[in-house]
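The same chain A turns up in both complexes below, where it pairs with chain B and then with chain C.
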Partner chain A sequence: MKESWANGASTRSRWKREATLPRRVSLSAAFLVLALGVGHGIAKARGQASLPAAGNSGAPSPRYLDPSALQLSPNGRWLYVVCQNADTLLVVDTRTQQVVERVPVGRRPEGIALSPRGKTLYVSNEWSDTVSEIDTATLRTVRTLRVGSGPVGLTTDRAGKFLYAANTLGDDVSIIDLSSGKEVKRLSAGHFPEYVALSQDGKRVYVSNLLAQLAPPDDPPTSEVTVIDTAKQEVVDRVMVPGTIELRRIAQVPPAEGGYFLIPFLQPHNLIPLIQIRQDWYVSHGMAVVQPAKRAGGKARVVEILLDDVDRDYADNFGAVVTPDGREALVTASGANLVSVIDVAKLNRLLSRVPANDPGVLADRLDSARKFVVRRIPTGREPVAVVVSPDGRTAYIANRTDDSVTVIDLRTLQATSTIDLAGRETITARRRGQQLFFNARFSNQGQLACATCHPHQGFENGLAWSLETPELGRDVVENKTLLAIKDISPYKWNGANPNLATQDGPRTAMYIFRSQGFGATEVRDLVSFVQSLRLPPNPHVGPGGNLNERQELGRKIFFRDKTNDGRTIPLNERCYFCHPPQTHYTLRVVVNVGTSTSLDTNQGFKIPQLDSIYMRPPYLHNGEALTLEEIWTKYNPDDKHGVTSDMNKVQLNDLIEFLKTM
Partner chain B sequence: MRFPRIVSAAVVLLSFWFWFGMAKPARAKRNPAAPRALPPLIFVVAPTVVPGGLAGRFPRGSHLALLSPAAPAKAPADLTPLFFAAADPAVSFDASHVLFSGQKTRGGRWQIWEMSVDGGGQRQLTNCPGNCFRPIYLPQNQIAFTVVSEPAAGQKGTRGASAIYVAQEDGANAHPITFGPGNFQVETVLHDGRLLVSATDPLQAGARSDARVFYTLRPDGSGLSLFPSDAPSSMAESGGEELDDGTVLFVERQDPRGRESGGQLAWIRPGALHARAITSAKFVSWSAHALDEGRLIVAREAVNSSAGRGTFGLYAYDLSTKSFGETIYLDPKLSSVEPVPVEVGPIPLIYWSVLHPDRDYGRVVCLNAYLSGDGPQVHGRPRIARVRVVALEGDGRAKRVLGDAPVESDGSFYIKVPANLPLRFELLSRSGSVLRAQRSWIWARNGEDVGCLGCHEDKALTPEDHWPLALKRLDTPIPVGLGAQAKPEGH
Partner chain C sequence: MRTRWMAQFWRMAAMAVLAAAVAQAQAPAPKPAHTPPLYTHWINYTAANGFPAGEVYCVTVDGNRVWAGTSHGLVLIENGRIRKVFTPADGLAGRVVMSVAVDHKTGSVWAATFGGLSRYSGGQFTNYTNLSSGLANDLVYAVAVQGRYVWAATAAGVSRLNTYTGDWTIYNELNSPFEEPWAYAIAVGEGKMYFGLWGGGVLVYDLAGHYWRPYTDPDESMEIVLYRNQGLIHNIVSSVAYNPGTKMFWAGTYFGLSGYDGRDWHNYLTKDSGLVSNFINGVQSRGEMVWAATQQGLSELDTKTNTWVTYRPANWAALDAAKAKEAERGEILITGPHGRKTRLETATSLAHNYILNVAFEGRDIWVATADGLSHGILQSEREEGNHESAAKRR
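Entry: the complex of A and B
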């Protein structure tokens, strides 16, 4: 499917034309619609789950849907589509390729799992901190389960007795006893755990973490795959994937084909000056091959393999799946709008040549993918999830910013149709901006989209980047969040960009993308989208916004005007002076608080907003402070960053508790 | 009895499905749709074509011809009847105009001209002191072309050096964007906005053969980079060409010394490191161009026809079957080469230059000199202590050592060098012996930041994510070959 970027005009009509089914498929569908009437009756007679007729399901949604996760019923008949922006679960009949039901769920649903027998669906509601438990027969929500903060990835254990939920904002995994519906354990994961997968033997749950472990800014990133023993319900391994961030969905190759896990990743070169984006490897995109430990107590083996080619990137690998026979694996490139088809046998041949003592030998090679990627199949915009039918013949790919599902025939490796999920008809500037945000085609060799460095729809990626400055290697600065930044201009750490249009326009094209970048209309659209990005609900704020005792004590410290020994703190050295609550806790000016280093050409930095500061470690302009506490205990020796040296440990902790409520 | 009725209906529908749904595509497959109608074609008609330099390809003159498929019986129209010779047609992105190189009189200089696609409104765009060839359109109303200088006095019989120039669409503000001795020639502009150029390997002055390899660079002359091909004997006989999927086509010369006309058609697939011939050695091609989806139009030596040996005609070539198809045009007495379809094409991406014309220097940051591929190879991994910068000055014959700078323990260095000067680097041990010597000449443009892994490094290698030590030094970039006149940078 070709892209259309017609400015100001709806792209949907053209998109529909291009997605028109061939006559053969249309007639097939007509036949199957008729046959469904028969099948529906037969299914009922057999007591299988059947669904009501389409009803109102054909009407376009008033909202964009943003399909973000997929699940197939055990017989492959029903495709469940989690629609992040519509707080809805869609049910698609795979025979007719029509939406047949819409099920309301919680706020910003993100993940989905099916019970082993297929009778119950679980949908994580990221902004409700809940999981909707849905009966697949009635499609009614039977329970709403409380989990941790920001749940995304879900899986049940093999018996269907426990549910595992990855809590992104909590950096942990909730284990829910499904008989009681109560959380029985919460296990520490890595940083921003997002997706989970149950091993095919049912013994382990693997958890991928989106962000790297917190580390000094001049260390290359290392990301974690957290491994949980389902019998003990304990973390039994933390598999490190060096040099990577943004681990995404997890797929497992059958034991007969190797039994390893495939986890897409991003390989950044953030410590190297950004001028190198002129090469094709400034950021690279690949997958971790995680071979489980062969015996108890052993260590898993990780081989990193890039899916990019020389001079050609396939940005932001996201969804992953392996066919039931283990012959093929599919990995979606959400920034390149395609899916890479991997011949597992060829991959195995390559893996067999990796020396046991040097598993990193392929991590820096751009000539690997050609040895096992057998096809790159175009999809819709932002393919983020992929599933394969139980018979292994069909793959379904969720195109998040297209509100569609691409259907791929795995025998011919061709996209055969596109299922329109009937999202909002009109395409607004904000929607176009969203589509631009995730598209890497505007950067040199398609290396990166806005979303590459601002994953999870606008988060910061926790890394310090060596951007282009008057002198290379200077002014290494922490990546910043894009959430709730509409009213906090100017932008950049040095405050040099007066507005988002400046930030996203020629500057981005010239110095970051090193390519054509966005045109004027595209910049307007992109700004419209960025300005719409909101913060998730803050889990540290109590019901009604009330503060607890510690938070209240911290609030008093934040607004104090005297030190512990009664000295008056000058107005401009009080916390609230530079971080006023009325303007997102930023005075929106550049100040020198003594945090610059000899490698900074700037002494002052724009005061950062403190909204949701709890979820944005590391801190300071260069990411030196790994925790909020370190801001004062390590990097404020002269009280230039507010008067804090008189505070004791308890007071600092209280202050931090209050800051987390912002 | 509803159930049987439904079943009957289903059976009927099933029958229709099989007949209309399945049978038709199957029949269509046996009888694939005819290719779409050919677009008008502009090409070069020449009495003879010979190998060698750009100026000598058509020693007995040539002209541009327009072939209209709408009137196949009609002879191609001569678009350049007032020229002694004309060549190198390039159609504008909107298919309204054609750039070409033309020689008005025998022995006159070749210049760049532009005309409407019907031959009208011809205007001279350049006034080159030497000869200008191979013009192409660039985005943002620019053109690029190859300038071949006159051989130096006393060098009769030799070819002049060539460089690439960029100018405004009307020829104004022509300026060089290549500075090495590699005899650079324009090939095409890639979809991503980079220029694909060819140069002698390894950009050496006085290279011993005509063998050429591909490089890419930005339209402002920055970012010179080897195009991923390791075929040292490759030579684009008549222009590299990029297909929609990023494949680069070219004619691979079999004889690196260039004694034969044409060669085998070859391609470099997206992501590939190697070029691969796609036509048999028995077919000698001169040039190729995308025709429509899955087909090329190839200027190929006529075989098994009334045309004499050495005469080229225009043929379709099917990429899926890798075979030649219909004869599109063949004049048994004249060669027809360099065909270009007259149709609207995609505009390459714009590259926004980040050069600083006010700076007389550029900066070079090397991440790890130990990754350098250029010889001489020294056993073990001796410590690289310094980098020496050598410049090529004057007429390209005088080498001068500009100075040296320290190399850090991680192999990194960060230096400031004169702009627009052919440079190469030598890596030295502590005792001053040469451990590695770059063979090719590169340059930094005004204010350009040249970044590299090593010298002539492995194209498939991505570096370690590591903050180069040279960038942590507060005294870098270290000036090399720059006097006190080097202008300070503004922040």
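Entry: the complex of A and C
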């Protein structure tokens, strides 16, 4: 039960005064803050907290906050917390561990960066395609900068003249000239670029991509770290991390300790029939050690190291940070609710034994972590971000589905307190479901959570999996999105699950978690959460939902009933027959559209919904169509998947432009 | 004593004469007045020094990097050294590379190949083909970058990729005034895009107004010119170029050279100009100069003085007839404004007389030929001064 903040009588101006302290420190003001801080501590100890928790209202937030990113001020006094679900940036006084200000930002804020001198904060608004520029002195938004689609990770260059924003839906990186506020460049990244980091020498920006490069379904996945030269503002390298997906936050070890980057990842073993795996090892969790090229034009070296132990997984590594002295690295396991503390010297000893000609030697070793992980410290639920104070003594960890921040003393390696960010007080079924969704403890050995295969809040991971048939290569099916699926039952590609409760309950327990799985109440909660998942705004749709000329032409093709030469298309072979707009563009039945192969037991597959189809490559049940075009140019030779062979390339392009607006 | 002095005098005199003769042999002969600076030294990249054998279809300069599209891959030359030959094994869409464009904003390199369109960025290729993307056809003859858009001239029309949204647009005979969809060339102008069509003349697309303007041969399909300077010289257009300095676009055709300044046409044929051949593979223009890459050499027009300079190997006829394997000495043909012709020779030569395209690196020129890539270095001012003095002395 959260404490009530309702007794707080403080005004917004009072908190603004506190917030401006970094710029206008005076003895009297400092004394006032000290007094207030002490007062808050006393009030909280008495259960009479006095902070306004929801802007001017003084009441707790009516929404869950979902803190997703953290940033400390240069002096470590202020902790800035990006609250994804509340469209808000919180300011926490690290001395009092109290929220002192709430700053409204855009929709679904996800990332944060601080200017080199600490005067300006930048917060990416993933669903607004903008970045809020906030003056740290006044905590007011001074500009709203336009970037690409779905911005998440942010960093400035060393001079603070340019801002780099990773656009998840655009697969690119926007570079903003901060003097004009205009986007000057957009560089192509990998697939779903999410997080960025400026190298300590300021020469490079590293970008981690959540999803693997598009490739045939029987190819092992390969993920990309995009490397941008900050002087040229060009992509100078694309470092490949083989066999991985879900590259997350990036931390760099100081040059004296090796100068390499640590990037948490997931190793999916999707090509092995899961039913043949008796106990464990559908997925492994670890981190990529990326050693930058030593000379211009040289190749970076990648060593993959697992953070799991032989008898336990630490699912969904996410946040990463290195202490200023480079002695420790912290990697949060968001599905295991803990943070792994890495002794960098021990890690370096292990790395020194990796042969130069075989950097993959540790990639599947489950006995590595015990050689350098010195502590696993419990956190709150779903720890997704971690920062360390400038003095290296304290780490702060954002617990997304707990609306809290865990504070860790790095000298004792103990969690010393938890900062309650004062999110919504009552815990709803949906919230419980959300907490379950990201928690791996229900699976055998804590191997995976729902979020492991549905990252980025219910998205799909773009891989085809061999799930239920014990033969190598048979019945491989593509992972499906969980966004906006409430009304599209039945589920699975074969349409065998009548509802989400079946999908999330016994099926998940039997085939995926290999455990008792969720209980009845938990399934209900989980279903409630999954049904609440929404799609991001579609960047292909114009203002007011209007279609452009080509999209309109494509719409006519989608709804056509005659071929180009005037023949009537049978009703059941028209696009809209199987993909009716009234029901998320799915008729919700199983049909055979000629896409099965000799490796499929079933000939028919459930018609997929087309909502936001633009963001969900690859396509078809087995993920073999890497682009929308390939659905028809390669995999519809007999016109079974709609009559399309009479269409010319211009028409097909127009049709695709329309599909991307769905 | 006197005899020994006389012998030494005659020996020194003989050496001076010999030295002068050697100098004369090493340097090109003097050029006429008003001739543009000449490329007198050529460095060739051929199979003999590790370059892919055969045709070089295009060359593009990007700082200290030179990209050459060949019949056997994409070649990267850095600081004068062959750094890498990219082939489909490296991820390139096709072996035959017809055109290369550098996006100077992002650093991405775009290659038009006969297997689709390739983007090279950060050491990796990303390919766009007819099956996997909205590209009109996999026979891509030319590529150009215009802001956030990449344009590709293909055998089935022109494709445009919006690199911000990933949207593809095709322009062909179905939706635009293409007499022929077979597009060979692209040039980026100021607010306009220029397309050379094989049999369809030149099409100009207005970027702001979103409308097309076709330019075709008023003589239509006749291979003689009835109406001189009244329109495009021929509809088989192999190349187009836009010169922002003169605001003119130039079209290289298989039957002569055309330039259009917005009001008048300026057409050139071999019969009444210094153009070495009417069969033109490539055209470029900067400043007052126009270069025509022809099947019999590289012709350069100084539009200010109406002086033509043509470069080709001195043994070009033997090369054409396959009687010689390599170019030997170079030949420079200068045609003055009144038709007076001068012939000079250089110790080095273009790799071949069949020229496909050119690009510029500062004052230097890079020339794509049918058998290697040539780097032409401009005659130094000192060298030029010596020749002019020598010409005056005569």
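The rule is short, and it goes like this: the second predicted complex is superposed on the first by the 595 of 662 C-alpha atoms of A that agree within 3 Å, B and C clash if a C-alpha of one lies under 4 Å from a C-alpha of the other, contacts with A are read in each partner's own complex, and residues count from 1 in each chain.
The working rule: a residue touches a chain if its C-beta (ideal position, glycine included) is under 8 Å from a C-beta of that chain, and two chains touch if they have at least 3 such contacts.
Quick caveat, the model's predicted, so the values are computed rather than measured.
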item: Partner chain in contact with A:V589 - chain B first, chain C second, else both or neither; value: neither
item: Touched partner set for A:H540, first chain B, second chain C, both or neither; value: second
item: Partner chain(s) touched by A:A345 [first = chain B, second = chain C, both, neither]; value: neither
item: Dominant contact partner of chain A by residue count, chain C or chain B; value: B
item: First (chain B), second (chain C), both or neither touched by A:R186; value: second
item: First, second, both or neither for A:V142, with chain B first and chain C second; value: neither
item: Which of chain B and chain C A:L472 touches, first, second, both or neither; value: first
item: Chain B versus chain C as contact partner of A:G517, first or second or both or neither; value: first
item: On chain A, positions contacted by chain B and by chain C; value: none
item: Residues of chain C touching chain A in the complex; value: 105-108, 119, 121-124, 126, 130-134, 136, 148, 156, 163-165, 167-170, 172, 174-175
item: List of chain B residues in touch with chain A within their complex; value: 3, 6-7, 9-10, 13-14, 16-17, 20-22, 24-25, 192-193, 223, 225, 228, 246, 270-273, 349-352, 354, 363, 365, 367, 414, 449, 451, 459-468, 470-472, 474, 476-477, 489-491
item: Residues of chain A touching chain B in the complex; value: 22-25, 27-28, 30-31, 34-35, 37-38, 218, 220-221, 243, 267-273, 275-276, 278-279, 281, 284, 306, 309-312, 364-367, 369-370, 444-445, 466, 468, 470-474, 476, 506, 509-511, 514-517, 598-599, 601
item: Touching residues (chain side chain A, partner chain C) in the complex; value: 148, 170, 172, 185-188, 226-227, 232, 234-238, 539-540, 550, 626-627, 629-630, 633-634, 648-650, 652-653, 656-657, 660
